[in-house]
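Have a look at these structures, which come just after this line.
Next come two complexes, and both contain chain A; in the first it sits with chain B, in the second with chain C.
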Partner chain A sequence: MSRTAKRLRYVLKRLLQAIPIVLMIVVVNFFLLHMAEGDAVDVLAGEAGSATPEYMAELRAKFGLDQPLPVQLFVYLKNVLSFDLGYSFRHEMPVLELVMDRFWPTLLLMVSTILLAVGFGIVLGLLAATGLNTWRDTLISIFALVTYATPLFWVGLMFIVIFALNLGWFPTSGMKNVAAFNDTWSWANIKDVAHHLVLPTITLSLFYLALYTRLMRASMLEQAGMDYVTTARAKGLTENRIMFVHVLRNALLPVVTMAGVQVGALIGGSVIVESVFAWPGLGMLAFEALFARDLNLLLGIFLLSALLVVAVNLVVDIIYSSLDPRIEVS
Partner chain B sequence: MSAPLLEIRDLHVALPAGSERPYAVEAVNADLAPNEILCIVGESGSGKSLMSRAVMGLLPKPHVHVAKGSIRFGEEDLVTIPDARLRQIRGSDISMIFQEPMTALNPVMTIGDQIDEVFRFHEKMSRRERRERAIGLLDDVHLPDPAASMRAYPHELSGGQRQRAMIAMALALDPKILIADEPTTALDVTTQAQILKLIKEMQEKHDTGVLFITHDFGVVADIADRVAVMQGGQMVEAGTAAEVLNNPQHPYTQRLIEAVPSLTPRPPRVQAAKPVLEVKNLTKTFRSGGGFLGFGGEERIVHAAKDVTLELRHGETLGIVGESGSGKSTVARCIVRLIEAEEGKILLGDTDLRPLGRAAMRPHRARIQMVFQDPFASLNPRTKVGAIISQGPIIQGVPREEAEAKTRELLKVVGLDERAYDRYPHEFSGGQRQRIGIARALVLGPDVLVADEPVSALDVSIQAQILRLLDEIRERMTLSMIFITHDLRVAAQVCDRLAVMRYGEVVETGPTAEIFRDPRHEYTRALLAAVPGKDWRAG
Partner chain C sequence: MVQFWRLFRRNRSAVLGLVILGLVILMAATAHLIFPDDPFRLAGRSMSPPGENGFLLGSDSLGRDVAAGIAHGAKTSLLIGLMATLVAVGLGTLMGGLAGYYGGLIDDILMRVTEMFQTIPSFVFAILLVAIMKPSIESIVIAIAVVSWPAVARLVRGEFLSLRGREFVQACHTLGMSDARIILREILPNCLSPIIVIGSLMVATAILIESGLAFLGLGDPNIMSWGFQIGAGRTLLRSAWWVCTFPGIAILITVLAINLVGEGLNDALNPRLRERT
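Here is the complex of A and B:
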């Protein structure tokens, strides 16, 4: 079997394996959320004030919340399988529509964050490792330590104060200027979104950047002591060739593994950053849904996040198998 | 003798301050002529490897560096020439092959790319020309299907094939000098014989001068023109192979050669007919792959032990010999129930151990104990030696004081100071650790001792001591022993009877002397033929 056919088969296998995993996640989420006190009716009634118990019972019956849990679960699962995620009482919109609307901003933020963190982490780690124990190494290590230890929300707020308010280089919040409020793929629009993306991306990626820098540095140093490096030297190769061709590729492997594992954590981190920068993504939506006890919406968001993590992990594994020929995709 | 290719004069390689000795290599003089194989022999720590790396400028600078002396190569001194010139020489005029062919090749680059680099950095050639040269090289070192090997990654080749690829890479530009640092130590004996033959063949074809580093006198006898013996950084003796091997002058050389086990089996001892352990039709298979909905690709099944039947008589030593992957270690581990065999019987006395559960097995554990191969990995680094040894009896229900007294006694039996009780494993040398491992097994008073390659990680002089110790103990405690080894010299000196294994099957069993005199199976014959230095001191 050729390598491509093997890879296709592998992707198919992984997708099939993902189905039971995602279903499990749906079930677990469902029970977790129903263990929490209160439901949407409590919140609606509380906000409206002076709701009678009869009215509340009527609302519950209307939403199907009076049914026993297993029946509710069954109905929910059936709906999910037909791509119906239910209706958000809060936003008065179908959940699917709402979630898909907020999905793209989050994906955009995530992808740009990963690229920035991994890309710069690798470069900085490489620079630190090649200039071991020089001022360059020390400087990068201090930078990594400081960013590693600083809380995300504080960095976000400071960026707003310095770069948005004082210097006025970037907008303080949101994803688009209100004036340019349309959805076309015009150049001006893309530039506008990119302009808004800069601060949230940098904020979210700083922590991971520090992590990958340290990991990359350690990994480069470990690989530089391996036997194959001596062989390369014995072949008469230049130090640059040894570093950038032989050591680099081997040193990348742990960084890629780590990045794959952390994609899930990144969604968690994005809740904070999206709140600070009012980025209209899933994280913000989840935050609002949680306080409104909008369980349908929360379940929808969780499901989408789970799918996202599964998909990204698959992509990372495929990248990994092309970096490391010892991993067989079969 | 023609003018030497390489002249090493008064070479001193300095170690970092605070090391055991100031110089790893001290005042060494050596010459290497074209078309000559010079073997540098010594035990671990003798400085033989660092000496060869000094020639290549591959010392781990700046901690370890050449402090004094010169290495003349043609008109140049390799110690003082600039790095750029040294890089030109490396890989083209002087090249090197290493011990561990797996780690010495970059795991994420194809063999073809790794050979290609040598051409790219030293010669101006078109891509096609380089490819043709590389395929030609792989053909020269007898790799099957050179074009496919070009595309292969190191892990897709066997150990011997990887070493062939390494040799092809080293010989790419027809070097004047080849440095081989223990190139066959990690290989099986039959593969070792082939690689030695290949090195000799290539060396004769290209008039190369070979600096061959080894610890194995058998290999020296097979390949060397001249021999230099190193001890503690100094060269204690040098001469032609015949002189050094057959008429050694220096006491250290004499001791080393004395320690090499003879291939003549020792006289068989009188044996009881009563078996203490019987293994009947033991089968163990390992599976991998397969799995989920049949999407896992083909399932791979390895028959590590196939219908193995063995008999260990009271007081004897039964050797299981074979190459890596023959299943000899699997059988040993099945017998002591470290892994579960699928089928068959393991009869210790009248009890079949195989079907016993954890609790039912516990009382029998004391009767059958194991000594492991790697003395560095098999002792817990965070546990004191005393605790390591006394843990066994304490678990078996012996009171703490009694277990301690017994432990101290056994430390003496295996030739260690009683003070070892309160020390950690890292404070001991390899040979001493193996003694600790033996004490750990013996403290339970076993009837059967299973020793899995107990001396293969040790230097030859230490190896001789441990073998002597095992012999003494066996006499004193009336032990029966299963001795796993890949080394037929060791087997000849230790074992009363032998079982030869290949691909999970026992192909031949019989008294050691009989098997050495008249091997019936072709594989046994191949193994015996491959023993290095078999014509030297064979009788």
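Here is the complex of A and C:
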């Protein structure tokens, strides 16, 4: 079998493995949300001030909330398979539309965060490992320890105090100045969004930066003790060449895997960061949906974030197997 | 024990962590003596900067004493962190032990479940659980434990898998010991070290999750906590920076101290890692 065919089969296999997990997540979330006291109709009725039991029963029938639970689950599963995530009673919009609307800001935040955290994490880990037990190593280790222990929301608030309120370098919240630019791809608009993106990205990346720094340092040290390093040294290669060409390449592997594993945690972090900076993404939408008891919307967000994690893990696996042929496809 | 302490003492930062943790515990234990009043009570002029009007660390918009809140909040954080960890470690050890020892169907189910938990964004899941159960100490503890136990289960499963085929276990089988006795008295004591290490680090994570939940308004409404203080103070950032700043420093110091102690435990309990650095 050719290599591409093998690769294709591997991708297919991983896709098939992902399906039961996604299904399980849908089912679990469905039952959890139904454990909650009160449904969307209660919320709507409460907001209207007064609602007769007849009207509420009518509303329930309209939304299908009067059906037995298994029927509701079945209907939901069937709808999900046809990409119909239901209707948000609160926003009076289809869930899919709402979720896709808020998906891009979150994706933007997450991609810039991963790039920043992985990039700087690799550099810092490299600096620490090459200067083992010097002041540089100690300083970087202390930095990693402290950021690892700092609550994200607090860092965000402190950044707002320092960089937005006192220094005035960055805006305090939001994604762009209200209705300033309508054209998404105009230069002014991109600059505006990027300006708003700086503080949320740095905040969200700090925790992962600490993680990747420690991982990169440990990985470099582990690789530096391998036999091939001794061989390279015996060949008379310079220490720099050994470090940056031989060791670095192999040390990158665990960092790439970790970047995939951490995506789930990143979504959790983005709920906090988005609510601190009022960044109009999925995290903030989830938080709003929670308090409006907008079950369909929450289910949609959860499904999408789970799919996102599954997809990223798949991509990372494929990158990983092409970076390291030893893992290929057994 | 003496030998353990000698090993632990070699890691200076771990000892520092232990001292700081001791101080935080002391603060939590004496909170009701130093600040006998309810921390939610109006204690004086609102929005006083630190050091003024008799407020060491200032007061918030309702005249609540920030320092009193921090002292009482220490109790909440430590209590929730410890309880959630105990529940998670108990549940994780049970599941992981059974899966690793018996293998087969239990193992398959457990692995699928932990895979699902690795996929689900755990903090969002915790938010969901607390919101569904209504915020209270119990629901927060349960939510943190639910998102934390799979890590323990995987660890314990791995340990049990590697230990169950060893000669001493086979000898126990030959002696006719019951499975329960082998699991609890023979295998479990042999994998206690990694469980203790992961448990100690988990307390730190649990405190971070708890503060995040409380910050988002999902804390127990009757109990003062650091996350709640920061959440309540975020609207005052412009005029009263101290309301948010000091509770955050409290979280940072506590979590840092616990992480240092955890790493010290790891160095002292894991002989394989001991020689590395």
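Here, the second predicted complex is superposed on the first by the 316 of 330 C-alpha atoms of A that agree within 3 Å, B and C clash if a C-alpha of one lies under 4 Å from a C-alpha of the other, contacts with A are read in each partner's own complex, and residues count from 1 in each chain.
Going forward, a residue touches a chain if its C-beta (ideal position, glycine included) is under 8 Å from a C-beta of that chain, and two chains touch if they have at least 3 such contacts.
Worth saying up front: this structure is predicted, and the values here are computed from it rather than measured.
J.: Where does A:Leu12 make contact in the superposed view: on chain B (first), on chain C (second), on both, or on neither?
T.: A:Leu12: touches chain B, not chain C.
J.: What's your read, chain B or chain C touching more residues of chain A?
T.: Looking at chain B versus chain C, the one contacting more residues of chain A is C.
J.: Contact-wise, after the overlay, does A:Tyr228 reach chain B, chain C, both or neither (first, second, both, neither)?
T.: A:Tyr228 sits against chain B, while chain C stays out of touch.
J.: Going by the contact rule set out at the top, does A:Met35 touch chain B (first), chain C (second), both, or neither?
T.: second
J.: Of the two partner chains, chain B (first) and chain C (second), which one does A:Ala306 touch, if any: first, second, both, or neither?
T.: Second partner only.
J.: For A:Gly264, using the defined touch cut-off, is the partner it touches chain B, chain C, both, or neither? Pick first, second, both or neither.
T.: second
J.: Touch check for A:Thr238: first (chain B), second (chain C), both, or neither?
T.: first
J.: Just to be sure I read the superposition right, which of the two partners does A:Leu167 touch: chain B = first, chain C = second, or both, or neither?
T.: So A:Leu167 meets neither chain B nor chain C here.
J.: What residues on chain A touch chain C, complex-wise?
T.: For this pair, the touching residues of chain A are 20-22, 24-25, 28-29, 32-33, 35-37, 145-146, 148-154, 157-158, 160-161, 165, 261, 264-269, 271-272, 275-276, 283, 286-287, 290-291, 298, 302, 305-306, 309-310, 313.
J.: Within the complex, which stretch of chain C touches chain A?
T.: Its residues touching chain A are 112, 115-116, 118-124, 126-129, 131-132, 134, 204, 208, 211-212, 215-216, 227, 230, 234, 237-238, 241, 244-245, 248, 251-252, 255-256, 259-260.
J.: What does chain A use to touch chain B in their complex?
T.: Answer in residue numbers: 6, 9, 12-13, 16-17, 226-228, 230-238, 241, 246, 249-250, 323-326, 328, 330.
J.: Mind pulling up the chain B residues that touch chain A in the complex?
T.: 56, 58, 87-92, 95-96, 98, 100, 103-109, 117-118, 121-122, 153, 155, 166, 169, 289, 292-293, 295-297
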